[in-house]
Amino acid sequence: MKRPARRRIEVGLLGATGMVGQQFAALLDRHPWFRLTWLAASERSTGKRYGEIPWRLASAMPDAASKMTIEEPEPRKAPNVVFSALDASVAGEIEAEFAAAGHIVVSNARNHRMDPVVPLLIPEVNPEHLGILRAQKKAKGWRGALVTNPNCSTIFLAMALAALRELEPRRVVVTTMQALSGAGHPGVASLDALGNVIPFISGEEEKIENETRKILGRICGETFAPAAIAISAQATRVPVLNGHTEAVSVGFSERVSTEEIREAFRKFSGKPQELGLPSAPSAAIVYNDAADRPQPRLDAERFGGMAVQTGRLRPCPVMGHKFVLLGHNTIRGAAGAAILNAELMRAEGVIQ
Amino acid sequence: MKRPARRRIEVGLLGATGMVGQQFAALLDRHPWFRLTWLAASERSTGKRYGEIPWRLASAMPDAASKMTIEEPEPRKAPNVVFSALDASVAGEIEAEFAAAGHIVVSNARNHRMDPVVPLLIPEVNPEHLGILRAQKKAKGWRGALVTNPNCSTIFLAMALAALRELEPRRVVVTTMQALSGAGHPGVASLDALGNVIPFISGEEEKIENETRKILGRICGETFAPAAIAISAQATRVPVLNGHTEAVSVGFSERVSTEEIREAFRKFSGKPQELGLPSAPSAAIVYNDAADRPQPRLDAERFGGMAVQTGRLRPCPVMGHKFVLLGHNTIRGAAGAAILNAELMRAEGVIQ
Amino acid sequence: MKRPARRRIEVGLLGATGMVGQQFAALLDRHPWFRLTWLAASERSTGKRYGEIPWRLASAMPDAASKMTIEEPEPRKAPNVVFSALDASVAGEIEAEFAAAGHIVVSNARNHRMDPVVPLLIPEVNPEHLGILRAQKKAKGWRGALVTNPNCSTIFLAMALAALRELEPRRVVVTTMQALSGAGHPGVASLDALGNVIPFISGEEEKIENETRKILGRICGETFAPAAIAISAQATRVPVLNGHTEAVSVGFSERVSTEEIREAFRKFSGKPQELGLPSAPSAAIVYNDAADRPQPRLDAERFGGMAVQTGRLRPCPVMGHKFVLLGHNTIRGAAGAAILNAELMRAEGVIQ
Amino acid sequence: MKRPARRRIEVGLLGATGMVGQQFAALLDRHPWFRLTWLAASERSTGKRYGEIPWRLASAMPDAASKMTIEEPEPRKAPNVVFSALDASVAGEIEAEFAAAGHIVVSNARNHRMDPVVPLLIPEVNPEHLGILRAQKKAKGWRGALVTNPNCSTIFLAMALAALRELEPRRVVVTTMQALSGAGHPGVASLDALGNVIPFISGEEEKIENETRKILGRICGETFAPAAIAISAQATRVPVLNGHTEAVSVGFSERVSTEEIREAFRKFSGKPQELGLPSAPSAAIVYNDAADRPQPRLDAERFGGMAVQTGRLRPCPVMGHKFVLLGHNTIRGAAGAAILNAELMRAEGVIQ
């Protein structure tokens, strides 16, 4: 069901000039529910037309955005709903300021993700976490609200684990092979990236290990009770443009068959599919039968970059089962994640 | 102790034209103990001078080899000791034929590795496995002998686990990120490799899981008893030229500290170091303190490509401990492995 | 003006399984004038469903095509209009057979390009070359007809030179940096491509030098008189997925200003734009003002891959002027070129 | 003839921490004539041990250097001879200060290259340009001296043209495909480099066009008279680690045969070869007969990275002849060039 959108809601974008900010601008172009009317970025860019910023996506810069002037991140001038692609060095303070001033902030930044009254939202996984917003208002005294989406690698893993929820996954060992676009621009130096694997991404493993437990947990009083699942991540950077690949081993509380897991992946669905949210992929998780898929170069852009793709499911002699997953890090893993969050929030009446 | 080599032993090379064959020729050039005097390859190349073959290493083709004529893989003409870099499609039969005819075959091919009377040798790890050769002679009726080295990814993992042997590792989950040179030439198509991760390498995971148990096992009567260790591997191909990276999680039979593991890596040493074998790295395992090392592009060529490099050792919330390792796949993982095997065999009197 | 297409014309595709064949299938999906109803390929693939073929584009395989069965390249079963993405090793004979049997063959193969009665067609450049088809019928005795498009690098250069035609370019020195997809799959081995430049592509330089003269020439009696322009090409392969870059120096018969050249690029247009052909880019040549553009990764996919992008125009101290150009090699340089040719042929009544 | 070096001369290194600085340190390790005893870099690094600096070469950091402390670029503490790998933003002033203070500065920086009394030296090409140092002393009032080596791409082209000097090359059109290491670290962002060609390198084309004329010119009174040769360069950046490839077309004053050119390449030699300078390649220019060579990945490291490799010589229908050349940009194109300059200066008595 596509919700009839009589008028599109005006939205703003904080941190419009970075890689994720550009992805937001691209995805919001001609969005059926939202109209991007306000762009903000750091001092270096304010006053410039967006079209003057070096555009780093292979698609063309949206015409409408290219003509807009980049403003200061100042709440008074911004529309009620703002997306945040701010850098973590400034996101914490600015986002809080916007929420305090009454804005609904839909953020991709990491700063508030683990805050006990901030939802770490994946619409297919934990839509009920929006229920914490009452406690948030109370605890923070904000007139607005702040909702975050998880780290890119975390989203893909959490969606896969959510699909398996009824099978009771208890232990996860995951190695990520992450794309360069995840580090922004200029990000990784080409001399470090070309023909290389960098076996370290600062803070990434902790995010995967901690955020996933919060996402899969439940509201308990005025905060979240994390899920009882142990996760161990090794994060690496590989010379890929877009698309994080993850090699996952999972142990369950009881014996599970590969067929049960494959079926759980295939039938996994949630509110976005149910409500027909505009950015929702028709299947949240796609299972590939081909022995050598998914692959980032061939598969990351498929399904609008919004599905998590899985493959190579088979028994793991140590843990239980193992498989490979792939997600588009700047779409489902960042800008698209936040936009889907906002769509859910509108469908649920949080954004009006 | 460098063994005084009065005269160098003549050696031959089966499969001289492939990537691994070329690496053999490069490493055997000016070898203090061995003199490469005979090259063989498939029909397509026989009769050509080696210098006419397209040379695919960044180092220059050795002068001496370049002038040699490529012969048929025919035992009668070959020296007593032959290295085999044959393709698995033909190695099984040809190597057996040479061993039957009295040659000592030091092979990198996979065909005979899991044979119950063939040593799967890593000199630092299981030099005593040469003891099976008596049983081999008896079982096969060969006048010569056949010794193999493990699969590249297996060697690096087995060396790391051997270093930890006294700490009793029991469960291993490993994800490999393997270089393109491991697939030979032409190997992986550039359209498949560039900017991509291919999450599948045919047969690789089974080799890592099975070979490691044989290597870490012991001779038991006239065959091998595999080690009691469960291993689960996910093998991927990444756009790296040389150097396989592995993200490893290990569980031990009892509680172990990171410091014990780091020490075990640092003090690990074996017969090659003790005997001063010409190709032995001074340290079999090198531990890197830098947070983002080892990296294939920067580290694979170090220590002559013969050491296994480790790093990022830290607790694993699921398994016990985790770390990253790196090895040069065509040197320590193939040609260099076989040459070190031959050096051990000479030092032990198997090759005379 | 978009021509009202009452019914779509059925078309077939020879060589459907290769890289260019797949690009044809992707571009013909939902084409307003043509409906792909017949796929043929070599023996190895006949009888398979198209969906079983490994699909190598980042976009999804078109649904309709995926259900079709691959047939033998046999004229009797094919629709009247067939595109050819055949490999040069077989294209010569098969295409002639189809043309003889009455088909209109729109080919991307190189075999007949330099035939004195075969048009080497770029709709913006030499639409009048279709006039040779009368002579072709006579000379060949074919009931059908054969039209070819040039080599990829040639198309981009010929379009740029056609834009400058009135300024009378006389001498051209060009270095191409060509993408890997131009070599098909498996094509270039990854070990040869990664981090490398291969300064040789067999036959490429001759094609650029000779085809361009034919394209820019004119019909003269029953054949073509080549243009009086001297061209020297150096062709290299670089590790780029899609998009050939060319560094061009041009000398003119008289003194010309950079402004005249830039204007000529900007105003260049032809029959496809005039007739509103479905695959025509709105501008045949796009000039980039940014100092470091066009770049294949960022720009090749723009404008549907059908425009030639230029930039960095400046005086050349040796030749006159120099600039950089970029074209998408499998779209404007191959499948898209042939489809645009067929669109022109339909608009002109050659295809009915 | 290797000059007997009774004692090694102490040398310093300005700008020791960058990519070129590291290459200097690597090449000076165990140099038979020079001993690196003093390292300087910008404020950010002074006081640190060199071993603490992130080392970016695939070879190991030299032991001796790793233990040295990085000092301020202060003439009083430096040995008499200093190499400069300083960044252009600071090199101009600091190098002049050192020369004024009596040091012999052998610089790779671009700042003083086009100064009318500073030699732009390639030992095989213009060793007699050292004769300008008298005029330099007079004009500058320096107690020491300053000698520079050309830009990397320029060196390779100038060496090739010097080999052809007697054939009187008059017009050159060159397209360069330059490696990432030429931009230093962090240099080019990986998102810009991977799978891409960047058709612009700031200032590079001007350097190639202007420096070459100075190098091939001659001393005329108290300055240089540039050579009468017109050069047009297009410089591009490609995803290659080391090794600049150049596609060159040359026009001569009179008709010349390819055989004459090939012979001129083959027999080209100069003072470094004659004097047996330690870093001199045995052949200054190597001609490759293979149709697809030289290639940066396979060939750049050969001959110690100090030879210019050529290939693909053939007639150019526009200019006269064309060929491909390759040089190692951080060795022969930078650090190795300066060291060879210093070796020549010592052999000629400028350094004592």
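Order as written gives the chain letters A, B, C and D; numbering starts at 1 within each chain.
Operating definition for what follows: a contact is a pair of C-beta atoms (placed from the backbone, for glycine too) under 8 Å apart; a residue touches a chain by one contact, two chains touch by 3 or more.
As the structure is a computational prediction, the values presented were derived from the model and not from experiment.
**Student:** Of all the other chains, whose mean CA position lies farthest from chain B?
**Tutor:** Checked the centroid distances; the maximum from chain B is C.
**Student:** Name whichever of A-B and B-D has more C-beta pairs touching across its two chains.
**Tutor:** Most contacts of the two pairs: A-B.
**Student:** Taking each chain's centre as its mean C-alpha position, how far apart are chain A and chain D in Å?
**Tutor:** The answer is 48 Å.
**Student:** Can you give the whole-Å distance between the Cα centres of chain B and chain D?
**Tutor:** Whole-Å distance between the two chain centres: 40.
**Student:** Once you find the CA centre of chain A and the CA centre of chain B, what distance in Å lies between them?
**Tutor:** 42
**Student:** Specify, in ascending order, the residues of chain C that touch 2 or more different other chains.
**Tutor:** 56, 192, 194-195, 239, 241, 297-298 - these are the residues of chain C that touch more than one other chain.
**Student:** Across the complex, what residues on chain C touch chain B?
**Tutor:** 19, 56, 180-181, 185-195, 239, 241
**Student:** Would you mind writing out the residues of chain B in touch with chain A in their complex?
**Tutor:** By the definition above, chain B touches chain A via 171-173, 175, 177, 192, 194-200, 209, 230-232, 234, 236, 238-241, 245, 247, 249, 291-298, 311-312, 316-319, 322, 324.
**Student:** Considering the complex alone, what residue numbers of chain A touch chain C?
**Tutor:** It is residues 55-60, 194-195, 241, 297-302 of chain A that touch chain C.
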